[in-house]
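For reference, chains read A, B and C in written order, and residue numbers begin at 1 within each chain.
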Amino acid sequence: MAGTATVFVQHTSCSLIIMENADPTARHDLERYFDRLVPENEPYFQHTTEGADDMPSHIRMVLTRTSEVIPIAESRMQLGTWQGIFLFEHRRASHRRRVVVTVIGE
Amino acid sequence: MAGTATVFVQHTSCSLIIMENADPTARHDLERYFDRLVPENEPYFQHTTEGADDMPSHIRMVLTRTSEVIPIAESRMQLGTWQGIFLFEHRRASHRRRVVVTVIGE
Amino acid sequence: MAGTATVFVQHTSCSLIIMENADPTARHDLERYFDRLVPENEPYFQHTTEGADDMPSHIRMVLTRTSEVIPIAESRMQLGTWQGIFLFEHRRASHRRRVVVTVIGE
């Protein structure tokens, strides 16, 4: 079977990213970087009724990805050695997240 | 019918994004954020002949997305409740924009 | 033949982007912008054993793209006039990079 797998997250306050999968400190540093890149409580924010982390979560989602398309060959996803697929949660409170996977090919 | 819809914008100075679709202030805040993240008239910019908003528009496009792939199930796009597909224009002047939609599946 | 071409790069320290393909200064400015947006040697970085350009390369990858999906019609990729597909290298040292192209359609 050859084709593609499309992974899609049905939300606007988290992302789906491909990231380095071996060293947890890489994810730690990524989160710290995004905390600085998209701060909370910007004085010009108007979309604030759901809390200080709401608007930054939408911006972080736009700056990253909602779907990933991964090639399939010989019935296996062709991820590189260091590539992992991660859900990148941008809200502080716990949320249930729905991910849809679609496989196309023959 | 199940498969995917691929939405693709044929330009390098606007983006196609999935964004919160309910509250217009979320889009307002997103635009203000990008105005600050990618300023015009950086002293090191060399690609300036088409105006001050030209190079920032390419950078904003690279930081966001040129295509979105949305799963289809039972003949409907499986967007989440709050997900909308938006063209994010980065130029000041009015432009005609071409979007190509490709549906794959059976 | 109509469908899509998916271009996917199997690495977490470079990106695959669609970018303005005519004026090399646009790519120059993009690189200078990313040098400033994601600096090296941030004091909070922990993922540093592979060198100062390692963690910034993962962040730049997450801020851009690992794959592009381009529509195909009449057996040709439907790129816009100014769109080119580029590998955006984020490491300083030379690396071999693997790109997988998957064509789907009929």
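Basically, a residue touches a chain if its C-beta (ideal position, glycine included) is under 8 Å from a C-beta of that chain, and two chains touch if they have at least 3 such contacts.
Remember, predicted model here, so these are calculated numbers, not experimental data.
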Chain B on chain C, rotation in degrees - Cα superposition, rounded to nearest 5: 120
Shared interface numbering between chain C and chain A [over half = same, under half = different]: different
Mean-CA-position distance for chain C and chain A (Å): 17
Interface hub residues of chain C, defined as touching at least two other chains: 37, 63, 65, 69, 104
Residues of chain B touching chain C in the complex: 6, 8-12, 37-38, 42, 44-47, 55, 58-59, 61-63, 65-67, 69, 98, 100, 102, 104
Complex contact set, residues of chain A against chain C: 2-4, 17-21, 23, 25-26, 28-30, 32-33, 37, 63-65, 68-73, 78-83, 104-105
